[in-house]
Amino acid sequence: MEYQEKLLTREKVFRDPVLNYIYVQHQVILDLINTKEFQRLRRIKQLGPASFTFHGAEHSRFTHSLGVYEITRRICDGFLRNYPTQEAGDGLWDDSQRLVALCAALLHDIGHGAYSHTFEHIFGTNHEEITQEIITSPKTEVNQVLSKIGPNFAKDVASVIDHTYSNPQVVQMISSQCDADRMDYLLRDAYNTGANYGNFDLTRILRVMRPYEGGICFEINGMHAVEDYIISRLQMYMQVYFHPVSRSMEVILDHLLRRAKELSANLDKNDSTTPYLLMPFFKGEFDIDDYLKLDDGVLNTYFIHWIDSDDKVLSDLADRFINRKPFKSVEFNDETKYLIPNMRDYIKQAGFDVTYYTEINNSFDLPYDAYDPNKKHHTTQIELRRNDGSMIELSKISQLVSAVTGKHLGDERFFFPKEMLSVDNNIDLFEPVYQEFQKHIKNDELIN
Amino acid sequence: MEYQEKLLTREKVFRDPVLNYIYVQHQVILDLINTKEFQRLRRIKQLGPASFTFHGAEHSRFTHSLGVYEITRRICDGFLRNYPTQEAGDGLWDDSQRLVALCAALLHDIGHGAYSHTFEHIFGTNHEEITQEIITSPKTEVNQVLSKIGPNFAKDVASVIDHTYSNPQVVQMISSQCDADRMDYLLRDAYNTGANYGNFDLTRILRVMRPYEGGICFEINGMHAVEDYIISRLQMYMQVYFHPVSRSMEVILDHLLRRAKELSANLDKNDSTTPYLLMPFFKGEFDIDDYLKLDDGVLNTYFIHWIDSDDKVLSDLADRFINRKPFKSVEFNDETKYLIPNMRDYIKQAGFDVTYYTEINNSFDLPYDAYDPNKKHHTTQIELRRNDGSMIELSKISQLVSAVTGKHLGDERFFFPKEMLSVDNNIDLFEPVYQEFQKHIKNDELIN
Amino acid sequence: MEYQEKLLTREKVFRDPVLNYIYVQHQVILDLINTKEFQRLRRIKQLGPASFTFHGAEHSRFTHSLGVYEITRRICDGFLRNYPTQEAGDGLWDDSQRLVALCAALLHDIGHGAYSHTFEHIFGTNHEEITQEIITSPKTEVNQVLSKIGPNFAKDVASVIDHTYSNPQVVQMISSQCDADRMDYLLRDAYNTGANYGNFDLTRILRVMRPYEGGICFEINGMHAVEDYIISRLQMYMQVYFHPVSRSMEVILDHLLRRAKELSANLDKNDSTTPYLLMPFFKGEFDIDDYLKLDDGVLNTYFIHWIDSDDKVLSDLADRFINRKPFKSVEFNDETKYLIPNMRDYIKQAGFDVTYYTEINNSFDLPYDAYDPNKKHHTTQIELRRNDGSMIELSKISQLVSAVTGKHLGDERFFFPKEMLSVDNNIDLFEPVYQEFQKHIKNDELIN
Amino acid sequence: MEYQEKLLTREKVFRDPVLNYIYVQHQVILDLINTKEFQRLRRIKQLGPASFTFHGAEHSRFTHSLGVYEITRRICDGFLRNYPTQEAGDGLWDDSQRLVALCAALLHDIGHGAYSHTFEHIFGTNHEEITQEIITSPKTEVNQVLSKIGPNFAKDVASVIDHTYSNPQVVQMISSQCDADRMDYLLRDAYNTGANYGNFDLTRILRVMRPYEGGICFEINGMHAVEDYIISRLQMYMQVYFHPVSRSMEVILDHLLRRAKELSANLDKNDSTTPYLLMPFFKGEFDIDDYLKLDDGVLNTYFIHWIDSDDKVLSDLADRFINRKPFKSVEFNDETKYLIPNMRDYIKQAGFDVTYYTEINNSFDLPYDAYDPNKKHHTTQIELRRNDGSMIELSKISQLVSAVTGKHLGDERFFFPKEMLSVDNNIDLFEPVYQEFQKHIKNDELIN
């Protein structure tokens, strides 16, 4: 039998706390899971430093990736059962697309690295490009498995993730405003943080989802389920993803890696403090193999070493990150922004290097984005299908979604050492500085 | 105010997926959580290699320790509300014992290290002794916090964990057949693996738990809840903790560390393959600081390096562990045990070093242990209190518990490379060996 | 000991699927639960005809009333622990108010009758007035229990429900935009219908709730939990409480009782079709004893008898109600409203009495109501307390709540027999009528 | 198209709190649900008087019947996907059997009446026979729907319920030691009572269930899931179904109906106390139409009337039942049984008619029944299928199940008025009698 069609003699299941069971029916999926590139995702936390705020959020990109695969599989099953294509171009589901969809779902995050967002910021890597490379480079086990299906299969999978694949239904399963990726991470992050705001009715959404020529739409009678998903997503952003303490730990991580990069010539000396696996990145000469050796534990191992470094800033920031000593922060707005230089000044007077010990960070989310003809770039809007076959865009009939459409929700914050707020540790000398500083903070906001 | 009595101005909560919220009311608890020794528990998985089998089981000893603290806190609250002592010796609850109980609960696993069980086996460490040391050694932040309460407080906390503390109620809260530790790990492991067998009615158990002069007992009308807990625990052992694949990964880890230890002289050479933080252990000259630098990520980092080692066995075992390539296994019993030397022989003929590539491992649990006057060492039995105040031991009235009392449940397995079962990779030469080998395996058991 | 302070020697618990356990500590609460007026609530469904749409919604007002009691009890516990009054007028919680709060919570729905809303519409009863009467009339067991506490206690309890009680904290616990009543029914209705939209984080809301001189407010850091509650409530209204099929069954019930009332002279004849227990209501001469004999089962029993009635309309409507044969409905708006007389005309031509077989019904909810100085009557707005003690009204900081504040969400529908949409049962004669009728219906809406 | 094959153009779903959604795909299933005989099940509680103990247990036989249908549908789906028959007699699943299985599942309880067990005891009806009659009698709507499929279809459905149908797989789906009926009621009763002991892993059980020539068996790797189901079932019996208070309310109901039957000549007088719908049963001249008019509400309506009866016993028992005033009870055994006549004597001296005010009742369950060649009648044992295709009976490999196999668990109790235990209401005259009586009760047991 062709490898492509090779089903397992007995479908294999993985017990999953969020989706109950994950069903694997194709040999190729099992083989992909067993590649070293995919196994590596076990060692990378899905939410990075958020587990410093929500201690339960210790789940990895491995479990999330299995989840996206499983939701995609369920979508395909529903489409096959209810909307199988009869002839080309009828806008219904062609199940020969299943395998490329499943592989793209499973691999959509394969290029994510340790503390991705921060890492990319410092080293200029791009996890999406790396995902493409892992899928298409003949050096990887992933590519070797995919290539057994056919010579173009790996490229097809990569193009789904790249949004350039020919079948928009497959693309939108993996990436749209209501896709398998977002649905899994909301449910899984909610489950693990304990923040039940992220819950929505997955079964119902899968039931009202349907293919059409333009991609994926939803039946009108499922409007409330889709609406609930949008609101849940918004709430998770506001309450979990944008949590000030998590962002604070990311600020520290960012500054720590920046400091290390600046000191990297000193670190390249073949002793216990040498971050061997990071050196290619410090030097800007890395390849995919270098990248794939990194994970959360590797970076943390170097940080643990760096706590003993002679460089005070490196040592202190490593200690703050490893031992969870977050910066404090206050919200500010356009009217109070002008105060920040003053605040930085106080912090400097208190003895901190403001390059490493202060930061501005904003977090804004667009809960839902309807089509705007004036914008160049836009996400797929959510279309609902009425009983007579006509379509209507979600924000046109949901008053709740309409209320948040196109609005950027979030805040802008100024981060600084918590020492600025507590004056216990025999630092009386600077007391006036602290008092001045604290006068500008009230109710978690920067004030005049 | 005394530090001891220093309550937080506003109780602090941690969102917890299993217990909903964890409530911290004492400054000392918050300070202990913020020590580096306690934060380190974030980097040690609760179930070790079990996450290779149950992918959701990625939770750390940090979250479990918070959970044990919280359950203990709830027990104290219940005891204070319903059974406050009136006079010394009345067998009721003296709430001045609360702080020592809470600290012991929080710190009971503080000495656990990376992959503890295996690590101890190879390096002769003992996590219980290390727990004592972390609590009582003036070098640790934990001890410094505890010592602020009073000069003997750290010792008291250590003695609770050591079972030598004077108040048996406090000891049994943390360690008995139905204690806060077991209750939290069952619920938490069930939640994260998705194996819902581990669930039982915590609220009800806490409600029927009560202090008495001998320690902790349960009201008779809660018999079914206690019974359900015992059965749940049994089921978790059978289905999760004793899972053959997890044990297989532990076997690989054990052999990997053993090999590394044997090669350790070679590894001490100041290059990228040097496991700096492990060297004290290879040399047998480590102190508490060395121990506290280790975590899962540090060990994994070395394993990742070792995949590139010149030593074939070290490299191969590291690859099997990091990239999850478990050994296979079969169950055997006293009647089939005699076949194992033959099986080992086949494996040797197939080219494997049987020292590193085979293992015997048994896992047996005693679901419930009633008092046996003939045994020297025995665990606390579960006592139920009747309406008239008399006690009756659990297995005497629960037919279900009685059925499993004193029985060792589990199995004994023989582990070997999965290559022995699949003959694809051009290894025809040895085919007869494989056939012989496979003839002795049927229905997951070793047969004649 | 005073009856008032009489605590049960051992607190009693009721296993509750929604709140886990309901704790009863006072003798008076147990005695109230055991009165016949309270036990009668077991025989009255909480959601009335909604169980015809959501088959799981079979729970009674009895279970809901226990739930409101329990949530109130938890609020009191939280207030006592965290905000006990120090001196009169400090705006904190005076726990001597606990008993009146608990009794009011338990009894807030005691005056509800069988299919209350419809029953009141036809017979002019008022469940709120009856609640007052049951509490204050010496004829009831409820009043006899309350009077044991003190001569004015029953009146106090009644005044809480009447919103005239002196302590606004107690009043707002039971009745405000975020009270124990609403919180219990949302959770309970969500649990029983299976519509998980109704879920929100009760524990967190209880935690951030606090007393102040004006009643009850919420700490600012709980803003998201309160927001989530408001949205959940909105979603339950849209998806459960306003469901067209439930409203259709209520329309049928309303017309059935109306028809029976018109025929009541004929029904008063001492045979099997006589609705003895309803006769006082038909005659307009009922007292509290008559009212307390009615429940869902009693009304249904008469309906079952009426299916055999000689009156065709009475018989047919009884059959439609008992055997669940709902009317169909379409949404209309101000632009299409003018078509309804025509639609009624078609229905008349098809042989139906439009008085009994058509109806207009609208359902609108005000998801959240902020204070409007121009309105006479207004509900309590939700106040959030900032760290510095100042207050801010919810819709001023929640963009989500702000988006729905003061908006009436819902729809207006026209109900008619489903026979108008299906032309199977040999009714060809009228076919053109049906075609005309159906031309005006598209996508569940009335159209030109 | 044939009615038999007529699928709904769009599958219909019912939101279900326990099974999430119930999927209806066949027109015949929807038509059966809409029959008046099936709708009547909404008015009959699944657990009868158990809701007096577990207030949440208010769910009806209607929701349970839908659940059994849905689980059966899922079994069929799994069998069709994984084990479709290739040729007659291969022991695999023939999906042309689906419709008869679904109808039998849906209708298996259609003959249940109001308070079935007690009703049958007093009036000699038999709900299983009535189920057969409802299915096969041309008078019922159910039969009319079934007959549209084919002339023998109704009989086939009836024979499944009767265990005489030719295909043992279909029979065992509906009735065996691990069938759709038991699985639904355990999950549903657990959900509604809140007693989470009843939970087990339905998804996994459905996954390991498979057809074979002898009926239905389970794959060996699902042994723990089946074991957990058996234990859950046992726990529900011990803790919910056998609860003494529920049994006490059943005793009262039994005696109440018995008294009414004795007085029935007096009740037949055409006034408000006449139980018109019960008269055919009092007279022993009822037919299926009479039976189908009864439900919980009808009986309760008569009981409410009877509270005003002149007959003191009838009035008092009706009051005890309607207003939940349970008898008390004590456990006894073979050694203490001899005391009961004395106890009855005390009760008589206290003024009660022991015929109506005392009762002996035992409740025993056989948690699991393995095949016993010496017994005539035996239930289907649970067979597990090993990898090599051979079978092994459950209790042979599960130590837990083995421990409870063939054991009758439960207790035997003596019921009496609670007045015997409390001597408040000015009944001093008899005080010695009460003291004597109470001397024989300790720790909820009858003692010497």
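By letter and in written order, the chains are A, B, C and D; residue numbering begins at 1 in each of them.
In this section, a contact is a pair of C-beta atoms (placed from the backbone, for glycine too) under 8 Å apart; a residue touches a chain by one contact, two chains touch by 3 or more.
For reference, the UniProt names are A, B, C, D = HD domain-containing protein.
Model, not experiment: these values are computed from the prediction.
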| Smallest number of contact steps required from chain A to reach chain D | 1
| remark: More Cb-Cb contact pairs, comparing A-B against B-D, go to A-B
| Of all chains present, which has the mean Cα position farthest from that of chain D? | A
| request: Report the inter-chain centroid distance for chain A and chain B in whole angstrom, where each centroid is the mean of the CA atoms. | output: 32
| field | Length of the line joining the C-alpha centres of chain B and chain D, rounded to whole Å | value | 43
| note | Within chain D, the set of residues that touch 2 or more other chains is 20
| query | For the complex, which residues does chain A have touching chain B? | reply | 14-18, 20, 34, 36, 39, 42-43, 51, 54-56, 58-60, 62-63, 66, 191-195, 270-272, 274, 276-277, 293, 295-298, 300-301, 304-305, 319, 322-325
| note | So, in the complex, the side of chain A touching chain D is made of residues 13, 20-21, 82, 203-204, 207
| message | So in the complex, the part of chain D that touches chain B is made up of which residues? | response | 196-197, 199, 201, 220, 224, 227-228, 231, 234-235, 238-239, 386-388, 390, 399-400, 402-404, 407, 409, 442-444
